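Here chain A shows up in two complexes: once beside chain B, once beside chain C.
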Partner chain A sequence: MLFSSATFLFVFLPVVLLFYFVPLFRQNPQREMTKKNAVLCLASLVFYAWGEPVYIVLMLISIYFNYNIGLDLEAHTFNERRRKKIFVCAVVFNLLVLGFFKYFPFAVDNFSRLFSLEIKAANISLPIGISFYTFQILSYVIDVYRGKCRAQRKLLPFATYICMFPQLIAGPIVQYGDIERQLRNRRIGVRKFSAGVLFFIRGLGKKVLFANTIGAVYTEITAREPGTTGLVVAWFGILCYTLQIYFDFSGYSDMAIGLGKMFGFDFIQNFNFPYTADSIKDFWSRWHISLSNWFRDYVYIPLGGNRKGTGRTIINLLIVWALTGLWHGAAWNFVAWGVYYGVLLILEKYVFGGLTEKLPHWAKRVLTMLIVIVGWVFFSAESFGDAARYLGAMIGTGGLFDGTTAFVLRSNFFPFAVMCCSALGFFRKFPKLKDANIRLALQAVGYAAVLTLCVVSLVSETYNPFLYFRF
Partner chain B sequence: MKLPFRLKQNTEQGEKRNYTSLVCLVICVAFAAFLALHTLLFLVVPDRAMSENENRTLQQKPKLTLSAIADGSYMKQYETYLTDQFPNRDGLISFHSFFSSLLGHREQNGVYLGKRGFLFEAQTPLDEERLQKTTDAINALMAQEKHAQCAMILAPNSTYVLKKYLPYGLKMDDQKAQLTTVKNALQGEKFSWVSVLKSYEKVEDPTTLYYHTDHHWTTRAALRAFLSLSSKWNLGAKEKSFNIEAVSKKFSGVLAASYGERKIKDVLEICAPKKSEGTYTVSYESQSRVTASVFDTEKLDQRNQYEVFLGGNYDKVVIQTLAETEDTLLLFKDSFANCLIPMLTPYFTKIVIIDPRYFSDSLQDIVDDNEFTHILFVYNLNTFLADKSLAGVLAS
Partner chain C sequence: MSKFRIKEIVCVVLLLVFVLLLVTQNKQSASDPQTVFDAVLTSIDVSALEERREDQFKKAFGFDAQDFDFVSYYAASDVMEVRELLLVKLPEGADAQPLVDKIKARVEDKAELFAGYAPEQSGYLETYVLLSRGGYVLYVVSDTPDDAVRAFKKAL
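Let's look at the complex of A and B:
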């Protein structure tokens, strides 16, 4: 179930909100909180089972297993060897589950190619959100092992943390330490709920009105016969993809943060206008922040970070970025995309960092965006061959213009321009009106319009005329 | 080097007091009301069985069974059910189509919205290999049936004839050049090429030649082409010997169905020779059905009114007439021919109509049994260039 679906908006969410907010234990805030967590946990399991009725078992096993790991780790506080054993066992188990479901077919495919064998992995469908919730579980296990936080003694709050539906399928990756207190006690109220509603509507708008619309342009352009795409259209296409992936992902994060707020949680901000970055490093401090944080805290720093000399730092960076790439998907083009950023970050740090410092600010931003956009070519392509062909079109192998250039630009220019302005943060301080009442009224109209248009678009996306009389 | 970089936690999330408590309350209530209103409407508005606009049955409320939940089919059907039965679904869809055209969008589901409300479908690119196969097969048939008069009516598409109404910036291939390519590829002793473009020249207003909402040519355009054929074959047909009658003023064709229903509708006209009633029979052989009219007026009550011509497309239709002539005609066609066929009835005693896309019998038997005096091909360029069935049928 996507947040941007009629089922979620008009069936699931109203029912959950109703059960969550109708108080059962007025006199006993602690029991009321337990009830709220129970509603949330149960709702999350239904939410998960809706898309993956079978994999719910896997998730329940995972929750129960890691809950016990936490307790075990704490039970043997003074037996370091035992703790280490438990810890290694837990990490291996979790990574094996992730590895099996996400990377097994990829690994078998490469193995068979390496030795020219004809074996094929059985077709395993990927459990939704497994990359996200495995990382949350790992953060819990590692934090408890390190003694950074206490193990959760109650199963319910732990299960709620792992399977909480707002961030279950697309992040942000919430670290256990950030949310532990909120699981016990959190402020729930009109102020937070209203902030959540606005977050949610913004996210919904980004996903439905922006990402879906502009994504269709890119899909149309990549579906063309190779060699028929002119340079201008190719660039326009990848710019559309650049916008699509940002609005899609950050829209989903905003919806997650908004829903979290409605239920009283504060998740960390996941995007901070990444396309205004003026260096690669800056870009990654603004893009998918919760993932960057995770890799920094649980991979880069444990590997030794930058404290073991230049050579080791470079190796550490490459490892982290290859893994970051692989996390995004089990295919070599994702690995290439990750390593591409790793290498560029190393170069930026050790080679041309000093040079780019002297450039004017706008030049740094343009340069950064060029690097990011070229990166998306690898990220979006199905294979290296496709990526190479698309890059070819971007340097003009299909000519400067093709027959559709004017049409494509004209049809999409206005939405494209609005989205660019939005991605670059031009609307951040908008509207700068002195009169607070007028501003308020404008905002109210704006949010209402976005919500309505989202519903209109959601329904229209399913328009599906049956044209048997086509001929 | 520090890797990414702990961001200040919750930068936007601290309890920023942007709004007064009252405003916050209003936001909460409005949002809850919005959700509740839709949920209520779902419960109140009755489900529909069928969508006229989309020409399909709509998803009904799925049955809740354990097996349907286990394999996920219940959830899929439920999601489709909600969107299919969404209150005011058709209204929302046409609003969306209007709104996106306001933003400058001119394409939905592969259909383009041009100027003056004209809808266009994309052209088929010319594939030389495929075309050669088709023209070789036609040439072979003409060589085999030496005594028969042959002709081809190949209609250009609205994208070419009405190209000044294409949406701004959209360029299409030159169909005039493509038509010449086809013409030059066809050779036969008694072959005549009917230049549809030339027959259009006398028409003052080219917008009367194609529909706004459908990809077909209009009956008037077909009449032009037919008169041109008539002079090639010396049939002696005159414009005034035909009646043109409007049968629907609310014709909304296939392109409108794909693009999203639009306000603009077309006039659907039929053209028949005067005094033709009861002078022929039409047999739909695969359907074992015989009628006394080439028009199926019952189809005017359904979604696709273009099927008023011959009731749609069938593999083989035979028309027997009382015309005072010995001439017989073998016609290969796509749906563009459907509105032209009535005009042929006074000039042939028997017309065998083959639609190769649906035809799977042996052609040779039909040719051997009938000794046709005339062979005609009626196609539009898009279908003709995409066609893969004609060559196969001609060789059968």
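Let's look at the complex of A and C:
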């Protein structure tokens, strides 16, 4: 079930909110919170089972296993050797689960190609959100092992943390330490709920009105016969994808954050106008922030970070970025995309850092955007071959113009321009109205209009993909 | 052995069983597709249906029949009839999900179309069967879809 679907908006969400907010234990806030967690947990399992009921079993096994791991770790606080064993077992278990369901076919395919064998992996579909919830589970196990937080003694709050539907299938990746207290006690009020609704509508608008619209343009351009796309259209196409992936993913993150707020949670911000970044490092501090934080806290720093000399820092960066690429998908183009950023970050840090610093701010931003856009070619392609073909079109192998250039640009220019302005944060710079009442009224009208347009669009449109589902 | 360790081992065993079941369920059946289809065909009433061509399959489901190892599609020529039968054998290693999604969307569209004025047809759509097993995808809209499922499972 997608957040941007009529079933979710008009059936699932209202029903869950109703059960969540109807108080059963007015006199006992602790029991009331337990009831709220139970409603949320149950709703999340239904939400997950909606698409793939079979994988609910996998999730429940993972939850129960890791819940016991936490308790086991805490039961052996003074036996470091035993703790280490438990910790290693837990990490291996979780990585094997992720590896089997996500990377096994990829590994088998590469192995059989390498040795010219005829082996085929079992055809098992990828459980939705497995990369996200496995990383959340790992964050819990690692934090408990490090003593950063206590093990969760109750199964219900732990299960709620892992399977909470607002962030279950597309993040943000919430680290256990950041949410532990909220699972026990959180403030739920009208103000927070309204802020959540606004966040949700904003995200829905980004997804339905922007990402879906511009995504259709990119899909149409890439569906053409190879070699028939001119340079201008190829650049326009990848710019459309650049906007689509941003609005798609940040829209979904906003919806998740908004839903979280409605249920009283505060999740971390996952995007902060990444296309206004003036360096690659800056870009990654603004794009999918929760994933960058996860890799920093649980891979880069434990590997030694930048504390063990230049050589080791370079190796650590390459490892982290290859893993980041691989996390996004079991295919070589994702690994290449990750390593591409790893290499660029190394170059930025050790080679060109001084040079780029001297550039004017606008030039740094343009340069960063160019690098990001080229990166999206690898990311969006189905294979290396496709990426190479598309890059070829971007340097003019299909000529400067093709027969459709004027039509494509003319028919899509207005929405494209609006989305560019939005992605670059121009709209947030509008002068704020002094009169609070007028501001509120305008805001209400604006959000109501966005919601109405989204609903109309959802009812009439069939093109509603979600790019980050495959992760 | 601590109680936690026992529970952890139980989880690992359950996971292995789950994976094993998943792999066996998704394992390609060695049965001949025509035999499987014949078994399904004889299990339900198809007097109102007729075999459809490859281009009609493509029109209905958006996929090229050539992309699959076996396709047999029966539907009625009467536009007011929703009953249909489809059996597809997927090539080894192919993902059934895109076809399954397409079929689901087709059923939803039809259900919307017939809702309110054709209760009998809507009833058929409510009890439709869509099954992916052993490298096959079976889709049945019929008055006795369970018979088709039984015959299908037996034939695999």
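The rule is simple: the second predicted complex is superposed on the first by the 458 of 471 C-alpha atoms of A that agree within 3 Å, B and C clash if a C-alpha of one lies under 4 Å from a C-alpha of the other, contacts with A are read in each partner's own complex, and residues count from 1 in each chain.
Convention: a contact is a pair of C-beta atoms (placed from the backbone, for glycine too) under 8 Å apart; a residue touches a chain by one contact, two chains touch by 3 or more.
Since we're looking at a predicted model, the values are computed, not measured.
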Clash or fit, chain B versus chain C on superposed chain A: clash
Touched partner set for A:Thr397, first chain B, second chain C, both or neither: neither
First, second, both or neither for A:Val54, with chain B first and chain C second: both
First, second, both or neither for A:Arg191, with chain B first and chain C second: first
Comparing the two partners chain B and chain C, which touches a greater set of residues in chain A: B
Touched partner set for A:Tyr64, first chain B, second chain C, both or neither: second
Chain B versus chain C as contact partner of A:Thr34, first or second or both or neither: neither
Which of chain B and chain C A:Thr219 touches, first, second, both or neither: neither
When the two complexes are fitted on chain A, the stretch of chain B hitting chain C, from 5-13, 59-67 or 149-157: 59-67
Touching both chain C and chain B, counted on chain A across the two superposed complexes: 54, 462
Sites on chain B touched by chain A in the complex: 1-7, 9-13, 15-17, 19, 21, 23-25, 27-28, 30-32, 34-36, 38-39, 42, 53-56, 69-72, 75, 78-80, 82-84, 86, 89, 92-93, 95-97, 99-100, 103-107, 109, 167-172, 254, 257-258, 260, 304, 306-307, 312-313, 334-335, 357, 383
Chain A-facing residues of chain C, complex: 2, 4-5, 7-8, 11-12, 14-15, 18-19, 22-23, 26-27, 90, 92-97, 105, 135
Residue ranges of chain A touching chain B (in the complex, touch as defined): 1, 5-7, 9-11, 13-14, 17, 50-54, 178, 190-195, 197-198, 213, 257, 261, 266, 268-269, 272, 281, 284-285, 289, 292-293, 295-296, 300, 305-306, 313, 317, 320, 349, 403-415, 440, 448, 451, 453, 455-460, 462-471
Touching residues (chain side chain A, partner chain C) in the complex: 54, 57-58, 61, 64-65, 68-69, 71-72, 75, 89, 93, 97, 100, 105, 120-125, 462
